[in-house]
Every structure is written in C-alpha cells, then in structure tokens.
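Structures for review follow.
Two complexes come next, and they have one chain in common, chain A, joined by chain B in the first and chain C in the second.
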Partner chain A sequence: MAELTKKEIVKRLHDLGVDLKKNVDDLKDPHITIPLRTLANAYFDKKDRMIKLGERTQTRTFFNVGQSKKFMQTALVASQIKQLLEQDKPAISTRQLYYILKHSIEGTKENTFDDQATESDPVIEDVEVTINALREQLGLEATPSGVISGPLKYEDLKTDDIIDCSKMGSAGAAIPPNTEPHVVKFKECKADFILVVEKFAVWNLLNQSKFWKKHNCILMTGKGQAARSDRRLVSRLAKEYKIPVYVFADNDAYGYYIYSVYKQGSINLAFFSEKAACPDAKFIGLKTGDIKKFDIAKSNWIKLEGHDLKRLKEISKYEWFQSKEWQAELQAMKDFGYKVESDALVSKSIEFMADTYLPRVIKEKNWLD
Partner chain B sequence: MANSKAAKTDVQTHKQVSVAEFFEKNRHLLGFNNPAKSLLTSVKEAVDNSLDACEENGILPSITIQLSEIKAGRFKMIVEDNGPGIPKKHLLSAFGKLLYGSKFQTNGGKQGRGQQGIGISSVILYGQLTTGKPAVLISKTKKDDQAHMYVMHIDVKKNEPEIVSDEPFDWSDKPCGIRVAVEMEAKYVEHKQSVLEYIKQTAIVNPHAEITYISPSGDRLDFPRVTDKLPVKSRLIKPHPKGVELGVFKRMLKATSARTIKSFFTKEFDKVGGGTANEIITIANSSIEDGNKTLPEAKRLKLIDGKFSPKYITPDQVEALLLGMQNAKVSRPSLDCLSPIGGGLLRKSLESEFDLDFVHTITRSATVYRGNPFQIEVGIGYGGELDVDGAIKLIRFANKVPLLYQEGACALTQSIKKNNWKPYGLSQSSGSFPTGPAVIVIHMASVWVPFTSESKEAVSGYPEITKEVKLAIQECARSLQRFIGRKRRSEIEAKKREIFKAYSKEVAQAVTSLNEADAYKLTKDQIEKKSLDTLKKLNKIAESMYSTGADIEALEETVEVLEEQEEKAAKQEVEEKQLESEREEEEELMEEEK
Partner chain C sequence: MAELTKKEIVKRLHDLGVDLKKNVDDLKDPHITIPLRTLANAYFDKKDRMIKLGERTQTRTFFNVGQSKKFMQTALVASQIKQLLEQDKPAISTRQLYYILKHSIEGTKENTFDDQATESDPVIEDVEVTINALREQLGLEATPSGVISGPLKYEDLKTDDIIDCSKMGSAGAAIPPNTEPHVVKFKECKADFILVVEKFAVWNLLNQSKFWKKHNCILMTGKGQAARSDRRLVSRLAKEYKIPVYVFADNDAYGYYIYSVYKQGSINLAFFSEKAACPDAKFIGLKTGDIKKFDIAKSNWIKLEGHDLKRLKEISKYEWFQSKEWQAELQAMKDFGYKVESDALVSKSIEFMADTYLPRVIKEKNWLD
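Presenting the complex of A and B:
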C-alpha cells in the first residue's frame, strides 16, 4: 500500500458517490461492493508470512430489507468522512463519529445508529476496506492504550513537539492514537531490539528496574490486545531500523494469540497486516517446557479450563500456527494441563525476570518463531 | 294377611329407599357430581328440552334462562320457552320417564338433543332432594287457551311425578310455551365449564334460536337469532343391522310384534328385505353348523328356521344371528335422517359470537360407523380479538349440544391434537393443542353418538369418525393457511414499504453529499433540496421492487429482522422511560431536601 494522499482518499469517496448516484439514475437498486472481512476471506500469505485479505466481496444493496439499514449507515459514514477530510478538521475518534451520525430517522422511532461497537465501528471498517485506506488516513482514530520507553526520539507533526522516550520517567510515553508517518516522524532510534510485553504490570516492573537501559532496547506494552497504532508503531520501528522484535506474553492460548497478532496480524484487520505486522517477531514468554526448566513452583500453575482448551484447539488450527515447533508446544500445553502467567516469575525473586529469565532466553535464542 | 301387609310395606319402603338411594349412588353418572355441575346439568336439561320441542313443532325458539341466588348455596332456575307447551293430560308422561332417559332407547334412533339427557324429572328430583321444594311449571298450549300453573313433585314412594296443585295463570301476552322453575342446591361459577359457556356455545350451534340469559348478578345477555330458517327436521330411522349390539337386540326380540324371525328382520330393521333376512339366517346357521362339528350330538344346537317365533330364539342362536347381521351384505343406512347445522349458518354463528378476521366452515357428507349414520361439521375462526399467545379454543358439540367436560378423553379433541398444525400457520408442540388466535368448532350429528361413558361428554374414537373429523379439520386448516399466508405477506409488504420510505431520505442525502465536491460548503437545506431528485428515483425503484413477489423464505427472514428491530425499539423506549422516572424521583427528593 503506497502512502495515500488525502486528496486521493477524497477522490475515492467521491467516486463511490458517483457510482451510487449512477445506480439511482439508472433506476437500479444502489449497491456498494465491500471486501469480506471474515475468516473465510482471510488467508495466510506464506511468502510474506502475514494474514491478508482475500478477493471475496459482498454486495450491500439498499432495497433488501436485511441490508437496508446497514446500507444507509454505510452511506452516512462514507459521506461524513468525506466531509471531514475536505475540511481539514482534526482527527476524531470513532466514538465521536458515532455521535455525529446518530440521530433519529424522520417519521420513525428508530435512530440511524444505536450502538458504536456493533453498528458504527463495523461499518467504519467496511468503509476502510472499500476505499482501501486505513481509518488513520480517513481522519479517524481509535483510543490507544500503549506505553513505550527507551532510546527513541520522534517528532509529533501534529504539535511539532520532539518526544524523547528515554526521558519519560516511570510512566513512560503514551503511544499516540495515530502513528502514521504523517504524524509520527522518527528522529533517532539507538535500540538493539524491541521488547513487547503483554501486560502493563510486567512493563512497569521492567521499566522500574531500568531494563531498557541495561539492554539498550525499546520497551513497550499494548496492555493486552494491542490497539492499531501500537502495532503500527512496533512494525514501523522494526522495519525502518531493522531491529528484532521479542514478544513477552503469557504462557497460555490467549498470550500466544496476542503474540501472533503482533507478528502476523489479525483476521478482522487482515487489510491492516501489511502496515502493522512484524513477521520476524519471536515469542519469548514461558513455554510449557520452561515451567520445569525454570523450576516454577506448582502452586503457581493454573489448571487449564474449558475455555482455555477451546481457544487452544482453535489456534492450533490457524494456518500461522502450523509450524512443527508451535504444534508441538500447543500439544505439550494440552497434555500438561496447566498454564503459567508471566507475573508468576516474580515468585522466584523480584529481579528474576529482568536479570535472569529474559537475558537468558534472548541469549540462548530459546524462543518460538 | 299380616304377612302380606308386612311384605307390602317392605316393598314400599324398599321403593322409597331405592329412588333416593339410586339417585345418590348414581348422581355422578347423571350429571349431578357437585353443586356447580348440578346447576349446569339442570339448565342444560331444560334448554335442550325446549330446543327439541320447538324444532319438532316448527317453532323458532325464543328461550329465556334466569338464575337467581335465593341464599348462599341455593339457586332458583327459571327456563321459559315459546314451545308448544304441554297439555295437562300429557304432563305426567312428559315428566314420567324418571331416571329413564332416552339413552335406554331400543327401537332405532333419531338425532336429538334428548339422547344425551337424563330427563327433566331428575332435575325436579334433585331440587326436591336438596331443598325440599316442589317444582313450579307454567304451560300454555294454544293462543286462546288458559295457561295453567302446576306445582309438581316426585312421589318417592310411588317413584312417579305428581301434580300437587293446578291453578289458572295469566299468560295472555304469550301464545304458547312452558316455564319451569326449580330451586336447588348449587354453586355458580364463571369459567370454562359454566352455565354461561354452555349458553354461548348453544347459541353458536343453534343459529335459529334466540336466547336471553339473566345471570345471578342480574346481568342480561342477549344472543340474537342469526337465521329465521328452521333446521332440517331429523327423521326417526329404524336401526341398521350392523349398528345393533347384543343387549339391544335381545330387547328388540322380546318387544317385537312380528310373528316370525324373518318378518322381525324386515319389519324392525332399516334396509333389510326378505333376501337380506334370509342371508342373515343362512350365515347364522352355517356358524351354528361349524360350532356343532366339535360338539357331541346331544349338545348340538338347533338350526334357525325363518318361520321361528322371535320369542323362542335361544341365547346361542342370538349370537349366531348377530354374526349374520354383521356379515350379511346390507346397503348402508338412509343418510337423510340427520340435521346438520350447515356451513353457512355455522359461519354466521361464529361471526356473531366472535370478532373474527377469517372463518371457514365445512359440512362433510353423511356417512356411517357401525351401521349408524353420522355427519361431521367443522368451523375454524381466526384473528380478531382471540388470544394470540394461548392455545386455540376448541368447542365440541354432539347433536347440537355443547360438550363441556372430559375434553381430553374425546376423540374430537384428539383429532385436533394429532393434526400437525405447523404447515398450516399455527404453532404447536407435538401432541398438544396448537396455539394462536383461533377457534375451532366440531359438531358430530348422528342418530347414535358413541360416548365413551354414561356421562356423555366425550365421543369415542371409531376409525370412521376420526377419519371424517381429520378430513374436515384439514380442509379448514388449508383454507386458514392460505389466509394467514396472505395476511403475513401483506403485513411484510407494508413493513417493507415503511422501512424503505424511512431510510430513503437519509440515503438520498448521503449519496448526494458523497457525489458533491466540497459537500461541507452546502447547508443542510441545500443538500436536502439537491437530494430530492435522488429521493424521487429511490421511491420509484422501491415501487418496482414491491411488485416482484419475494419467496416465502426471504419473507420469513425479513419478518425476523423487522421483529428484532421492533423489539429493540420497544426495549429502548422502556429503558428511557425508566431513566426518566428515576430522574424525576431524584428531582423530587432534592426538592424535598430543600
């Protein structure tokens, strides 16, 4: 995906309007062709090692009672985005867009939108794939959650501030909602690698023990499932500075999946993978074999429950978990019947994670790819 | 002498005890199980008598029923009709069949309400036994005649009704009729099996009758006459050989005046001529011969000669003759003896009793079960103000008399439950009543309705009967299904129009704004104005869409979507109202604090 100009995006939206107008003028049921964002249309590109969106599309028409409302919503979102872009207004959140568009429909008791998560957000994603532009480029921003610290300086082009991520104290630097090059311009990055941790508590401990200074790395967390801008930032740093990415996530099916989203992308945002995936990222969290190897006390193991096993079964079927190593690990976890959280390493000693576990795993390359 | 006197007293005492005792022992069979049912049975007896009498005499019935509470647990029932009245000389015979309803009839049959009755005399006896009071009867037989008021009671010693007093009565405004007044121990209820329900159902099935009901609380309910046409008179027919059972056959043999067995058959039975009578006897004899083969000579039975007297037929020969009657070729009985309600009238009745969107009725042709002619009629009503969520309402009739009890045991009920209603547009869990806003009426007319028990509230499931009922139900159901289908379709179409209309304006404006360069420079009004052309075209496309009929499946899907949306809107409204009331409460509290 080449860098899109705002003008080009406005043109694509305008073209959509021209097509729809032509449908109506021809007295035909107006329709929008939207690439499908389902598992069935996501595929794993083995060459690029990431999840991509397939060729399948859906046709959304107005005169179909089942699609009628969604069609109206799609038209409303597209026309609002176009107007915002034309005016050069500051980017707004998806929630704010929801509020701009929510109103009661004349002559009914219905609203155009009643819920952000189930109605406006999916329609926004539909517009993204239809126009083939990211929401960050459409002037929309999701609420970020990520925090970063380490030897990185960047310029925020929205405010013209220089941010030095090595001087952000114990709180770290908040990752901005938009990390596209037209907002975040990297100035300098001296790190040797990026350490992505799943949980804020783990990031907090490592940041306080000055892990990033000792090991000259960038330390970030997306606080669980990472937001788009967090993933985009990690991906850009890895690509532009050619440094490895290590993901320190929990020893359970959910941790493994969070790692895979950083590495290969997600099904729902398959169209975003090329921008946000880090195909070379390694998993450096606890593996089932490590539990005995590092002598984690049995009192700290957690028995796998039904939902753990179900998720385990699901991810073992994903194409991007088909390597021999991963299949062996997933099988081992199932056989072992227990999982261990990263936090449990603290039970060895407060320093164990920073001083022993992480350096040793990275040095020994005892990771999963 | 002393001995014989003592014996006579014994007999008298015995008689006296037996009437009261017989009644006590059998009241559950006679319909006097409990005070509530006793009241219903009494009304039913009186009204059925009146309807039968009017019909016999070609009079359009006008019947008034009045119930009043004398004191707790005691009611007075007054039933007045415009029937032929009863002359004094016939009064006793009319009320004389004490505890001896026509259910014991032997000589063939005729479709009549009385068949199910136990006799008005039982009602008089019941009233007398529970209150000690006699019944009061007013009768007038001709326009210019004097009306009489009789006080009647049952003489338990003689086991016969007796007129205690007879006075002239001023009934000059009435050409003829009877009024019966009986006081009794009773309980008044207003549920499924009540006097009111009986009257309502009676009105449905007797469209030629005009009925007025005055309840104990003084409420007056009028059930107007739906037609001035009297129903076809039912005809008495002789029994058909295939419909006669052992006990009845024996009684017929005893009672007949025929001198030979052959003439007994030709005289007492329907559709039996000399040839058929011979065939019956031949079959009987060959079965006797077969039996004789295994018997020693001394014990062998005598063959039957057509010239034998019916009085001297042995029990073994009786059985052989019954076999002959079952197996001989006999043409089916005359079918024109029945009096159905008729589809058109049943429809009118249903429409007058219920507020309905749809009615379909069917009267099947008369046919035969075990030698008895019968006819099934079914009516189905739908929509209106009937309960949408509950089970459908089933109303059963036998010979125009409502069946209020023993619903579960009745073959008519079973036919409804066994039918699969889902394809016809009603929901149903298997083996139970369908649910939906529907009422179904089933009427069985027959010279002999086969009840499951003496209480005569449930019809037996003879295969011929259930087959007829099933066919009638299914024809009505098919017609209902077409109606529901059309209704749903038009509802869906209307909703579709509504939806497209509502969204069209939003879509037209969004498309216009997308199609405009620098749309933000336009005011809302300008966009609206510019979008008018697109809106007009959208409406035009919509119109062309309606005419192309969508298939049922797509429609169903549409309905689901619509229902979901409606539910959501309703839910939201409730939530908003809740919030509002909470807010108001808070404000009130704050003001109070001030």
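Presenting the complex of A and C:
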C-alpha cells in the first residue's frame, strides 16, 4: 500500500464517483460499500501480532432517510479530496477540510456539515478505508509531535531538502507531518536499532549524552502518546531497514499502553494501526522487578492510585497483553502497589540511564515482548 | 542578562552559600532574600510595555518553624544546580531535578520533597529570581513545542551543528529546549520580519506555500500556547535583528491571549516574561470587522459560548488590553457574538491566507498593537 501513487489514488476516488453515476444512470439507489470501522470489526491478529480491521462492510445508500445526509457528506469529502489532489494543492488539516466543505445547502437552512468530530472526521476515515489509502496519502496531515536524532538521512520530496538527523543539534530533527514515502524518501540509515523514548526530557538527556552516537542507534521521542506521522516513521524504518525497535516508556499502565500502541496499534484506529505497527518492538522500560534489581530508592516510588489500578485492569484484559510474561508483570505491579517513572533513574546518577541501565537491559535482553 | 556566563552563575550560587555560612559563623539566623513572585508583585510596565516583577522581596529564614523546610529546600536546589553546572552535566528537566533531590532525611520519616508542583518547582523559581538567571541558564530545560523555517542560520553550541532553517524540509526546524545564547548562537538572519502562527496546521499550509521564501520572513509556530524556548527564540530574534514580529492567531479570546503572551508575557511567569517579551509584536489575525470585510461565510462563524464570553471579559480587564483599539475590538466581538478560526480562511481558497489575507493585512498595517 505504501507504494500507491497519487495517480492511483485519484483513480480510486474517480472510480468511486463513476460507480455512483452508474447507479444513477441505471436508476438504482446510489450506494457506497464501506469497510466497517466499528470496534466489533477490529481484531488482534495473533499471527501478524497487530490490530487489524476485519472484513465486514456496510452499505451507505442515498435513498435512506437515516443515511442520505451521511451519503452526501461521503461524496463531498471524496470529491473534494480528489479535486485537491488533482490540482496539486498543499496538504491541509482535517479541520481545514471541514471548513472548505461546510456551507449551507442552497435553498435550505441545512448545512453540509455542522461538526468536525462527529461528522467530517468519521467520513474522512470512511473514505480512507474505502479506497484503502491513509489520509496522509489523500493530502490530509495531522500535527506531528516527535523529534529524532541519529544516523539517518532522508530526502524531503516536498522541498527537495536532505535532512541529516545526525546534524540537527540539541533540538533533533522535527518529524514532519507526513512521513509517507511520497514525502519522506530514506537515503541512508546506518542504525543498529531504534530507541523510542516516551518522554522528551528523557530523550533530551540521552541526546545530550550522545547515546545515539555511542550505540549507533536512532533516538526518537513522540513526546508522550505519539502522533500519526511519528508512528509511521518508526514503523517504516523498522520494516525497510529490518532493525529492532526498543520502547523506553514509564513503569506504569500508561507507559505500557504507549508501548503497545507503537507495537500493535490501537483499536480506535485499527485501519491505521496495520500500517503503523512495529510488531517486533520490545518494552525496555523499568519492570516491577527492576525497581529492586536496580535499587531505586523507595522515596522515588509512586503509590498506585485508583486511576492507575483501573487502567492496569483494563490493559490486562487486552488481547495483546495476554502473554504469560505480560500477565505476570501486570500482576506484579498490582501486588507491589507502586510505579516508577523513567525520570527517576537520574536519582542514581545523571549518567545511569545512558551508561548503565539501557546498555544492560539491551545486552541482557531483559525486555518484555 | 543574556550574556551571563556559566562561571558568573556558579559564582552567584556560590555567594549564596557563602552568605549562609557567614550567618552561621556569626551565630545569626541563616536567611536568604528572595524577590517576591506573588501576583501582587507582578506589574505591567507601561513604558517598556511588558509584564515585570516588582521590587518587593521576602526573607526566608532557617529558625522559623513555618519556613525551615522551605529554607532547606532552597539551599538544596541551589547547591544541586551549582554542582551540576560545575560538573558540566547535561541539562535536565525540573522533574528530574526533583527526583535527584527527593530522599528521606536520615534518621527521620521526612522527605526532602514530597511534590514537584507545590514544592520543588516554586523553589526553582525562587532560585532563578534570587540570582537573576533563567532556569535554562541553570541547566534546567523544558519540553519545546515549536518549529521554525526561513532565512535563519544558527550554531548549536551543544553539538557544534549549524542549523539552516531554510533547508529543513516540510517539518521545519525543531526549536531546541534551550535557546539561550550559550546554546543558540545566531550566525545569520536575513528575514524582514517574523511571522508567529498560533496553529501548526496554519503554519504547515504557509510553509508548503513557501510563504517565508516569497515574503522573506521567519515562519514560526509554537503549536498553541508557546513553550519557554519558543518564546525566548522569537524575543531574541526580534531584539538582536531589530525585525518586527507579527502574530497570526485566532479571532477569539484565546487567540488574543496567546498573542499577548508572546508580546508582553504573563503574570504567572513575570520574571521570565521580561526576558521573553516582544513588546512591539502586532496581532495580524482576523479582527471582528475583518469577518465581513473579507466576506467569511456565516456557516464558518462560531457562536460565542459561555466560556468564550467569560475569557473575553477577563482579558478585557488586563492592563495590557486597555488601549482604545483593543477595548473596541473586544467589545465588537462581544456584540457580534461570533468568533472565527484562522483555519476558516481556507474556505475562501487554499491560497487565500498566503496570497491575499496576510500580504494585505501587513501592507495595510491593518493590525492591532
């Protein structure tokens, strides 16, 4: 899918319209068949170890009072996207697309759209899955959040700049809003692995310690829950260069979940998850047993509160946390009753994280999979 | 202040300790004199047009049951910062400093610190104002959020990389967590002005349209409310290159406030605001009168809700919004009853913002000051 050209995407959108017109010409009820994006149609594929969208579809028809507005909205979105692509317009945000499409329908008091979150965004996702292309390929870009440093060079095909992520200073390279192959063309990646760090402050410490240089890796952070383009970048690098991904997140239910989103995606964005997953990613943050193993002072443990326990219970039920090792870890955390942030490792020494903890965990393969 | 060297900062921290030791040697109550960071001691300086910290101070003494713990914490923070600076350690976050300092006091059940937000962070700010240096100069860095593009080159003194913000692709250059002169050394800036954009999606559109190239400007976004290093970077560029700053934010109370923070800072961070203000910045977003002037379709107006009106009322009382022009604008918005996001300009055409709106507003000086 990554190699879909713009021409092919325009063709798919065009065909969608041709089919609709044929319905009209044949005096049939115009309809679009759309893969179902409901939770019930998302599943964890045990073989490929990622969340996927199932095979079920819905049919959206025009002559159906309950569906006709949404039908009109779907046709509007598909047609507008096609037009923007054909005219080589800059990529826009889903909010901007909403503003472009929102207008009152002539002769009525009705608007095409009244709300972005409940109306235009879901329809954009419908169009994505229907033509099997990510929104970034359709010229829709989200706000990125991450930064990256390390031995990676890519060409930005929108500007023809060569970005050398080993020369980006203390800021690192900003991850662009679109990391699809039609924008980010990898030129060279000499890294042995990718270290994905949950928090910027931890990334900053490792970047200043030249961790990526010493260990010949790519050092990336999504600053918490990663944005779409951050995830796609990591996924593409892992796949195209066949290098392992290590996720350094907090020792708590939230850190574990962030790891799992990089690894196998999320149910809400099942369609995207297939394209952005890193099924071989390992969790190399602190595990409950490591707190005593690495002698983290008790003053730096944080007592689990109600919301921690609730989240812990939730993730312990997710299918992708069912391995014996993960179940044991989740139970151990609950029994122990404390969590520890990655940041707390600085209490050992500023260098401990970069010089002791991470090299040792990676060498000993003391990770969770 | 920007030119304070590390040696001078260490000296100031050292002197703080020497003074305390002298108190002890003289059998006096050890005490530190700290500028007051209360709201009552922050004020809007009408002449310099920025928020400043007043002259009032407090004395924190050791032999005072209500102050002794905070006294101890202040000494701990100052001493730890001095040590990290002397040892040339990488910069850390305020959370990491909290973890380094937090420990149980020998022979007691008491911790040095129990909470970051209410204990270590305020003490860090006390140390900043006491020695009159920003935390970034003390080796404490916050998470940055912004990106920048345009004819600006700087040297990153932490890594010796030269960052050319005109060659950073569709991502733009990530703004580093520390933009003080000891990290960011400007090499060249050929821009005629700085365009600060509230939202990433708007920045992205302008960046793709090569706005900065066509109009020879620096194009920056802080992605909403700007981070410290983003604000310092804009402020330094404006001061050192004597170029105007235009803020393109939303036509609503929140956008107006974001503009005002870039311009004159905020009361909460009055000490920082003096160093990060851009008192000549102009607001070039949509004003209420522009909605009809530029014929923005009514379907793209958003009705003001309770929280909008509340915020509008609040900012209309701020001293730095007291000009006749701003008061008229705030009243006009209230009377009109609608707000319009910058994003809505795309409904005119994708190019409207870059090719019509911004050039026209700047040419006609149709801004608010």
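One rule holds for everything that comes next: the second predicted complex is superposed on the first by the 316 of 369 C-alpha atoms of A that agree within 3 Å, B and C clash if a C-alpha of one lies under 4 Å from a C-alpha of the other, contacts with A are read in each partner's own complex, and residues count from 1 in each chain.
Everything that follows uses one rule, which is that a contact is a pair of C-beta atoms (placed from the backbone, for glycine too) under 8 Å apart; a residue touches a chain by one contact, two chains touch by 3 or more.
Bear in mind the structure is a predicted one, so any value in this text is a computation, not a measurement.
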item	value
First, second, both or neither for A:110, with chain B first and chain C second	first
Partner chain in contact with A:62 - chain B first, chain C second, else both or neither	first
Touched partner set for A:25, first chain B, second chain C, both or neither	first
First, second, both or neither for A:75, with chain B first and chain C second	first
Chain touching more of chain A, residue-wise (chain B, chain C)	C
Touching partner for A:83 - first (chain B), second (chain C), both, neither	first
Chain A positions touched by chain B in one structure and by chain C in the second	none
Residues on chain C engaged by chain A in the complex (per definition of touch)	84, 89-93, 95-96, 99-100, 102-104, 111, 141, 143-144, 147, 156, 158-159, 161, 163, 167-178, 183, 200-201, 204-205, 208-209, 223, 297-300, 341, 343-344, 346-347, 350
Chain B residues within the chain A interface of the complex	495-496, 498-503, 505-507, 509-520, 534, 537-538, 540-542, 544-545, 557-558, 561-562, 565, 568-569, 572-573
Partner chain B, residues of chain A touching it in the complex	13-14, 16-18, 20-21, 24-25, 27-30, 62-63, 65-66, 68-69, 71-72, 75-76, 78-79, 82-83, 86-87, 105-110, 112, 114
